[in-house]
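The data blocks that follow each hold one structure.
You will see subunit A twice below: alongside subunit B first, and alongside subunit C after that.
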Partner chain A sequence: MRRFLTTSATLDRGIGLVALVLVALGPVAFSAYWVSFILTQTFWLGIAATSMIFLSAYGGMVSLGQVGIYGVAGIVLGNVVTTGQVKGLHLGWNPWLGVVLAIVIATVVGLLLGALASRSTGIYFLMLTLTFGVLIYYFFSSVTSFSGFSGISGIQGHTPSVVGDPTNHPNRLYYIALVAALLVYLGVRYLVRTPFGLTLQGIRDDPVRMASLGYNVELHRTLAFGLSAFVASLAGVLFVWWNDHVDPTSFGLGPIIDLLIVGVIGSLYRLEGAWVGAFAFILINNYTHDVNVPVVGGSFNTVIGVIFLAIVLLSPGGLLGIWEWLNRQARELMTGAGAATLAKARPVKP
Partner chain B sequence: MTYVRERARRIRPVVGLSILAAAAAVAAVLASAALGGARATPIKIAILSDCKGPFGNQYNADVGGAEAAFAQFAGSKLVNPGDPSKGFTGGSVAGHPLKLVGLGCSDSTPDVAIKEVKRLMEQLHADILIGPLSGDEGVATANYAKSHPNQIFINGTSGAQDSTLKVRAPNFFRFNGDGAMWNAGIGDLAYHKLGWRKAAIIMDDYSFAWTSGAGMISDFCAVGGQITKRVFPPLGTTDYSSFVRQLPPPSKVDGYFWVVGGTGTIASLKAFEQAYGPLKSKQFVGNLFFGVAGNYQSIAPRINGAYTGGFGTPGLDYVTPATKAYVAAVSKAVKAVPPLGAMNIANAYNGFFFNYYKDGEALVQALKADGGNPAASALGPALSKVVLNTPFGTVKLDKNRQAVEAEWSYQLVASPKGTTVNTVQYIPGVDQTFSGTYSPSTPPPGRNFPKCVKKNLSWIGKEKPVVNGVIK
Partner chain C sequence: MTDYVAFVRAQADRAELVRLTLRRLPRLVVLAVAVFALVWVLFWAKDTTYGSAVSDPVDFFKVVLDSLTFAGLLFVVASGFTLIFGLMRVVNMAHGSFFLLGGLIAYYLQQDLAHGGGFGLQSSQVSTMNWVLPALIGSICLAAFGLIVQQLTLRWTQGQDLRQALITIAISVIVVDQLLAHMNAGNEQDISWPGSLDRFVSIGSIQYSLVRLFMLAAGLAIGVLLWLWLHRTRTGMVIRAGVDDRAMVSALGINIQLTFAIAFIVGSLLAGFGGVMGGSFAGLQSDVSGQWLLNSLVVVIIGGMGSLGGAAAGAVLYAFVSNFSAIYLPTTSNNCCTEYSVAFTFGLLAIVLAFRPLGLFGRPA
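So, the complex of A and B:
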């Protein structure tokens, strides 16, 4: 058993090291398209999914409002930094000021949503956060001073110098998104081990008991929402730098469902699932355009729908759940085989 | 067991990264395989339209139009003449083979369009993109073109004014009119032929509809008309009752300019019926969505005789030897444009089909001029010089690479023989600026722009009536 675990851990670490090297050498190891489109998108979409998974895994709250929050960050940044574009406020302020404002405003919006939603649970919580997401969509669709249906384009021309123009220098944004993803991952992992994180998990498991012990359940939930909004706002900033454009359909009902699918495919219970799910989702989206499924036809939506159903039915823990199951099977096989060998070597005396 | 849990906890991050690495490696192999095997100096083309969303029913019309042009002028063939979405094969220009690297599928939203543009231009490495279909998609694509100067972008049917007048990417070309140009002359028609003096306008709340409405407002106000109310339902609205209630009742205005497109056209007219009773044809003037194939068959019986703005093509009664030759040529290449049906004159005159056809023809003409070189440095200047002699008039580009072309106005007709779209006037030489009303420094068309101002437009009073399909 011990030997198996050692071998398994060594193998995992080896693969992990290869992954780290591959990711670190992304521009050398992958094509420009993969760097600028697939992987950079994986990083920011994974960050957005992390904001949802953090609430789900450690707070027991599956929020559909995270896309709206990153949309707020994206719209704020677009309005604040662009100038001379067709739509928006054209403020033309310093790009760093834009980033700060985008994060602060989106986080405050998240806190307000958290304060509203913290008293509800289950389906009511889900509906409330979905309503928030749809409300954000219609608000920015209707208020043409900020966006309108057309949205804001040309944001890549107004990034901080360290980001530059992601179209002509995609590697910079790639590494910035990679570092942001790593920091978010490590930060959230640290956070859930702090007294606040442990309290949050206690509230997730038994809110009545935690309340009777004197913990302020609503306040903890609201703060958790604020933290997740902060993470989602980072995704929003990276998204508009990457996409060069933001409009209400960037955070409408479609993207809301997409983010839920990313979480479910990866794992709603593990932080790593955010990036695994994002990577799988983006790959499927990119490479199933010519797939033709018999009877139902062929499209990304069909394929992703079938995969979503299969995962919900067979592995509620997502792809990481499948990986864990495979690990367990291998372990049992190994230990079973070991016992059999032992039995052969030392036959039982009559 | 505690040891096992502890070990498992420690390896979790490594597990995630391991999965990422393995999947990345597999996908990288797949990607490189997909990109391999290129032929010598092919001209790599991608076509982008909407296969979903409010204009999804025009996908095959768009794709089929471009493919028909490649078949006619470059010798290619549709993989399935009854289904343009299957692509085309063969064909060459100046010895360089045409290669369709991909068909893009958007849904009228700029966000999806840009992702598709990136896939086609960066993953599939197209030299030239033809598309997109819709207004905001075009603005976003033009912005994308600006930051990708080494590739060529030929607008599909997207009609937002900003794409060429504001963004002005040097490698973005539009061989069709914008939404305002297509409505040139229609305000004059409403004022003088229908006797309108006060009108209200309802228009989708996005770039194309603003541009389309801007054409109606500019034209109507130029001759002295007044717009008393503007209403803006969001694109994709399904229940228009609250929006039509914002319009003044029929007794308070002489008529309504109707700029609601896609699946909303008929839904909005039904909502008006429910609010104010039966529709009176003399009180409605629509934009291209009244007359486009797939729509007029349902709308004409409701408002028989209503006038509509054009789409760069005449009505079905305008038949000349040149148009007959055009219909015959495209019918030879394309047998059907699902779901609009078998290829016929209505589908050949459909602006979605014809505008993409013009793009294909312009591209082949430019490639012939530059010896089949798809590089933007050679193809760009060649495209700028293209002059298209189409069966519906001459098309040339202005300094912003925007078409200057003839426009047409229609009348919907429903009779026991069926429904059709007839031509009522021909307006030659329409340009994007509307005699200085629009320029790079004016605000873009929107909810409050243009203002209703009396002005002398170059074509006012010079529109040529078309009677029984003959230009007078």
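So, the complex of A and C:
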């Protein structure tokens, strides 16, 4: 049994490594469209999804507030760095200062929201964070001094010199997003092995027991939410660099549900699911966006809605869940004979 | 020796006092905020849309009525949401799209009924029947639609509340997209109030819109009916028992599946009827779906999930805070309204949750 377990883990790692080498080759292996559009988008959307999956996989909290938080980061960055006639505060400060402020403010907002939501669990937490997310959208839609409905444009002209203008140098942003995605992945992997991460998983499994052992359950949940907000803010910064423009529609109810779909398509219970889901979502989006659905009518949203519904109904573990199931089936097929003899040899319990 | 005892006692008393003060502090803060808000609205509110309540009592009274009547509409929609959650533990994320669907069905029916439709239907052209009939049919269609959704997707996923929430989200995505494709939800569609309702009546010295009063009356009537149904009929008793202990109720030989179906039908019906009223009041467009999901969520989070009284309290609080913060905050520029009223909805939510994580009338599951 153990031998096959390790085989399947090795297989997963092998696939991951191949994917990593492929994306590291980047512009050599892929066309310019794929690099600047599909893959870069996959990286930042995957980071945003990671912030959600980290909470759901290790904290047992499915949050729909992550999009609002990356929206806060994006709006802050847009307000701080731009100059001239654009909407917002157009402060025109140093681009790096903009990045730092965006991350710090979004993380603080995340900590505050996390503190409010930390006493709710399960479905209440989902509803509450959804409400937070939608309220953030309405807030920035109505407050014209920060953004207003039309949002802030021309952010690509105010990036740090390392990034340059992503329209002229798409490869730079591509590699920055790739490195950020890798660091986020490794960072979260490390984090969940620390005492904090283990405590968080204990709280996920049995909050009452952890509380009676003396752990501060609400504090841990709040901190986890703050950390996920930090990750989401990275996605927000990359998003506005990539998109050049940020407005409330880019973090309204539509994108909130899109991110949830990304998580569910990948897997809400495995970190790798973030990028698998993001990649699948962007591919579907890209190739069905102008399609009219036959018979029933409708557009991309009907397609993605039906896929989402099918995955939730049939495989709650998402694509990675299907992959693991296939692995198990293969394993059983291969060990079938051995398992049968074992079952025969072992006396049946009364 | 006695000195020492007295000293320790005094110290303990002091510590107790500090503890009590600290415990009361949050309440005092909330009280202070409420008093400040009251004083602000009554006497202080200069540079706002209407000025302070003392200087302009007529408009103040109008804002109070506006809040109460909007609360009626909020209650109709949110009571359906809370009913479904209370019994089945299903958070119906498709509630907003049910609202939109019900409204749009009624809209097209009305267009057909009132002299074959046409743009810009005036309320004088709409007889009472031409509003009541579409409203009834729209609500009933939604009840049927809700039943189908519940039987096909929610019945066999019972007990998996997260999965059910995701299912209803998927359904709302599909429904809204289909409405965009087939029912022209991308453009605003206005259901027209009947001519008999669309006029002003005088209350004291002010003229007030009758349709707004009708919304309040509908909210009250539905609240009373729901209360009677839940507390005075057998089905209602079964539903309340099911809220408390589902397993026990079905062990007693009661068909709990039937009860679930009834609750979902009534909840969807209320969403549909809310959609008809909301569509007559403010028009229907695809983003109305998300807006009313948010409204329902805020109302039941404030009031407590699954509680009818909570939905009423939440509706009133939410309507008052959002209306008053829109009118009685200093105006930001030459335009009429303030931009920061959303922040006050947020503040209301934060204050309620800080003290009662399950909402005002919420009980742990």
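Rule of thumb we're sticking to: the second predicted complex is superposed on the first by the 311 of 350 C-alpha atoms of A that agree within 3 Å, B and C clash if a C-alpha of one lies under 4 Å from a C-alpha of the other, contacts with A are read in each partner's own complex, and residues count from 1 in each chain.
The definition used in the following text is that a contact is a pair of C-beta atoms (placed from the backbone, for glycine too) under 8 Å apart; a residue touches a chain by one contact, two chains touch by 3 or more.
From a predicted model like this one, the values you see are computed outputs, not experimental measurements.
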Where does A:264 make contact in the superposed view: on subunit B (first), on subunit C (second), on both, or on neither?
second
With both structures superposed, pick whichever of subunit B and subunit C touches the larger number of subunit A residues.
B
Answer with first, second, both or neither: which of subunit B and subunit C does A:305 touch in the superposed model?
second
For A:127, using the defined touch cut-off, is the partner it touches subunit B, subunit C, both, or neither? Pick first, second, both or neither.
second
According to the stated criteria, A:144 is in contact with first (subunit B), second (subunit C), both, or neither; which is it?
both
Touching partner for A:116 - first (subunit B), second (subunit C), both, neither:
second
Have a look at where A:63 lands relative to subunit B and subunit C in the superposition and call it first, second, both or neither.
neither
Is A:50 touching the first partner subunit B, the second partner subunit C, both, or neither of them?
neither
Once chain A of both complexes is superposed, is A:313 in touch with subunit B (first), subunit C (second), both, or neither?
second
Intersected contact list for subunit A, partners subunit B and subunit C 138, 142, 144, 299
So, in the complex, the side of subunit A touching subunit B is made of residues 1-2, 5, 8-9, 12-13, 15-16, 18-20, 22-23, 29-34, 36-39, 86-87, 138, 141-142, 144, 148-151, 153-154, 156-157, 165, 167-168, 185, 189, 243-247, 249-250, 270-273, 275-276, 279-280, 283, 286-287, 289, 299, 319-320, 323
Over in the complex, which subunit B residues touch subunit A? Could you list them?
3-4, 7, 10-25, 27-28, 30-32, 34-35, 102, 105, 109-112, 114, 118-119, 122-123, 135-136, 139-140, 143-144, 147-148, 160, 162, 166-167, 205-207, 234-235, 444, 446-447
Would you mind writing out the residues of subunit C in touch with subunit A in their complex?
89, 91, 93, 153, 157, 160-163, 165-167, 169-171, 173-174, 176-178, 180-182, 290, 293-294, 297-298, 301, 305, 332, 339-343, 345-346, 349-350, 353-354, 357-358
For subunit A, which residues count as touching subunit C in their complex?
62, 116-117, 119-120, 122-124, 126-128, 130-131, 134-135, 138-139, 142-145, 252-253, 257, 260, 264, 296-302, 304-306, 308-309, 312-313, 316
